[in-house]
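Okay, so chain A shows up in both of these, paired with chain B first and chain C after.
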Partner chain A sequence: MNNIATQRIKREFKEVIKSEELAKCSIKVDLIGDSYTELKGEIAGPPDTPYEGGTFFLEIKVPETYPFNPPKVRFMTKIWHPNISSVTGAICLDILKDQWAAAMTLRTVLLSLQALMAAAEPDDPQDAVVAKQYKEYPEIFAKTASHWTNVYAGGPNKNSEFDTKIQRLIDMGIERDQARGALSTYNWDLERATEQLFS
Partner chain B sequence: MATTSNESDSSRKNTDNRENDNKDEQNNMFECNICLDYAKDAVVSVCGHLFCWPCLHQWLETRSSRQVCPVCKAVISKDKVIPIYGRGNTKQEDPRNKVPPRPAGQRTEPDANTGFPGFNFGDGGFHLSFGIGAFPFGFLTSFNFSDRHGVPVGGQLPQDDHYLSKLFLWIAVIFIIWLLLA
Partner chain C sequence: MDNNHETTATKPEGLEQDELIIQQHREIEKEISDSILLIGQKEELTSLETEYINDPVYLTKIQDLNKKYKCMRRARPDGNCFFRSFAFAYFEYLMDHNEEYKHFKERALKSKDELISCGFTQFTLEDFHDTFMEVVNLIGEGQHEKLYDTFNMQGYSDYVVVYLRLITSGQLQKDAEFYKHFIEGDRTVVEFCHQEVEPMFKESDHIHIIALSTALNVGVRVRYMDRGESSEAIAHDFPEGSPVCVHLLYRPGHYDILYSR
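After this line comes the complex of A and B, so read on.
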């Protein structure tokens, strides 16, 4: 791997370790292997959002041309957010694409993602279904996001109403994650979700 | 007594820490914003951000269509980057070569304000231009007399100026009357 990229990741790694945010447990970076090309990021769900209390893991791949090109970042933890794919975890964020600048670091990327979680941009969505719900039914969106945080990221808010509906679909032979996805998509309308799953 | 000695100990520790912090800060001050290492062949952008020249050059190459400062995203270009020449270390050792040399500093010589401006009529002091457009008034577009510094130099020039402008005015008036009559 390119020498600049490795050198930089080493320095940035130290920067994150020294940072205040790590002390506050809000961001963290871990190495995967010793190659410095693949890392695991960790973001705490920002306070006063449906993601509060959850821990979200990220897959960070550092390209050969880093820092002249952005790192490839994806959510490994499933998340319900207009700018993040609920299926693949792909992120729609300008600084990870054309607005990248070479002076940005892993630390600033993780902090930007945390800011994105706190302030979604539904007009530039990655997941159109989530974005539509965010705009049309903000309350259902907040409940859904909070439920997903509870299930996938260890958040505190259990939603027994949603769990019952999911269980109904599981009883019909649907896989759990698929049932949750369909119900979330159809605003927790059990009939419409069932219809879609069996059509 | 014990407390006092403790206090002085802790205050000494504090000053030590502060000195270390200062040293760290000073080192950070001269780090390239791209490789985060001590800046080699340092250049500074117009917006004031420090880079190694090879790093900045590679950044400008990567984003040739949209050249912005990697730190503040202000518009930057190769021509407007200022090299920093420190004292001492002048060896040209750079592992990432194949990079064009860092742009030279831009120097402007101070104005050597000598000679007799009166004789400068021919070399750049006199400027006269005409244009004949579709519209007859286009005829007398511009004529101006300027010396080097835009200040009247005295002597004959201002009077000539006055005389010539009157002359041209008359030519223009005659031309317009001729156009109207024709």
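After this line comes the complex of A and C, so read on.
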């Protein structure tokens, strides 16, 4: 890795570490091994959203050309959100693409992601299924996102109705995550989810 | 389920398209960066003729330029060419103009606090500022070769570009009331700066040139070589009426450096 990128990341570390968000446990960055090319980010789900109470981990890859090109960031924790792929964790956010500027930092990225979690942009989706649900059935969306937060990110809201439906599919031989994905996709309509899984 | 979900509709098609386009851009960029220096050596203007061999409009304009300018330097066409050409040409000029150099250095030193008060993150700004000043200090050493080599080191060169982009953005925001009338599309000056000024590789327009030349109080003359009817490459001075110390050649989408006779 070139010197500029490494030096820059080292300086950024100090910045994130002393920042006040860290004191409030809302964002964090950790090294993976000794290299500064791969990092692990952590975001607390913002209050008053379905993600509240959850902890979301991010994979951060720093390119050779950093800070002139953006870091590559993806959610490692599964999340139900219009701008994040529920399958791969890929993120649709302008500053991670063509609106990255070298004056931005990992802290900027994490705070922007936290802001994105609080205010989705369904008209510029990464996950079209989630975006559709967000627009057409906002209540189901909120419950689903909250359920995913509970299951994958340690959030507080257990949903026994959803768990029962998932169990029904598991009883039919479907794997748990797959069952949850299908039900989430079909707005928790057990019949349609079953149909799709066995078609 | 993963597969089904993915194929049914996880990603709208446009997005994959986006990624392919980005990838293709990267490949083109790499090809360019492998073959063209960030700032090239001086060359004759007639070297442009080979690019326009069957084009009488351009050939006439090249001949006209050749009368007015003794040579040119090419800049890498990577979207940063205006900023990079401007910086190199102006720093070269300052090497031979000591009084102006002193003024510029003071101005550059002060710019840091101005930009921080404009809302840029302090430590990234300091980072760019420090590197920028390192290059500015080279001017004082008076070694043209060294300046040239530094501008061809990607790291230094890009830091200079970034810093000039920030100065430009700062100027646009400071004078937003004036500049807002020149922004296309439904966006604020701040949005424009985030989208078109601060990101690397974003091409420059008149508004960038006006803002930067005003911020640093440096006269820039741009010679426009396009398909217009005139037999000469028409000159525009920024800011209007100020003494010119940087000469640039514009061809649609690209800037290079000119040296007047």
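General observations
One rule holds in what follows: the second predicted complex is superposed on the first by the 199 of 199 C-alpha atoms of A that agree within 3 Å, B and C clash if a C-alpha of one lies under 4 Å from a C-alpha of the other, contacts with A are read in each partner's own complex, and residues count from 1 in each chain.
We adopt the following convention: a residue touches a chain if its C-beta (ideal position, glycine included) is under 8 Å from a C-beta of that chain, and two chains touch if they have at least 3 such contacts.
The structure displayed is predicted, hence computed values, not measured ones.
Overlaying the two complexes via chain A brings chain B and chain C into a clash.
After overlaying the two complexes on the shared chain, residue contacts for A:Thr185 are found with chain C alone; chain B is out of touch. By the touch criterion defined above, A:Val129 lies against chain C but remains apart from chain B after alignment on the C-alpha atoms of chain A.
Once chain A of one complex is fitted onto chain A of the other, the partner contacts of A:Lys97 are limited to chain C, with no touch recorded for chain B.
Here chain B and chain C are compared by how many residues of chain A each touches, and C touches more. Judged by the touch definition given at the top, the superposed model places A:Ser86 against chain C, while chain B stays out of reach. Of the two partner chains placed by the overlay, neither chain B nor chain C lies in contact with A:Met172.
By the touch criterion stated above, A:Arg8 is placed in contact with chain B and with chain C alike.
Once chain A of one complex is fitted onto chain A of the other, the partner contacts of A:Thr108 are limited to chain C, with no touch recorded for chain B.
Superposed model on chain A: among 6-14, 60-68 or 150-158, the stretch of chain C in collision with chain B is 150-158, the rest showing no clash.
Shared contact residues on chain A (touching chain B in one structure, chain C in the other): 3-4, 8, 11-12, 67-69, 98, 101-105.
Every residue of chain C that touches chain A in the complex is listed here, in rising order: 1-2, 4-6, 8-12, 15, 18, 22, 120-121, 123-125, 127-128, 155, 158-159, 162, 165-166, 194-195, 198-200. Contacts from chain A toward chain C in the complex involve residues 2-4, 8, 11-12, 14-15, 67-69, 85-88, 90, 92, 97-105, 108, 125-129, 132, 174-175, 177-179, 181-182, 185, 196-197.
Looking at the complex, you find that chain A touches chain B at residues 3-4, 7-8, 11-12, 65, 67-69, 98, 101-105. By the touch criterion given at the top, residues 33-37, 49, 55, 58-59, 62-63, 66, 68-71, 73, 95-96 of chain B touch chain A in their complex.
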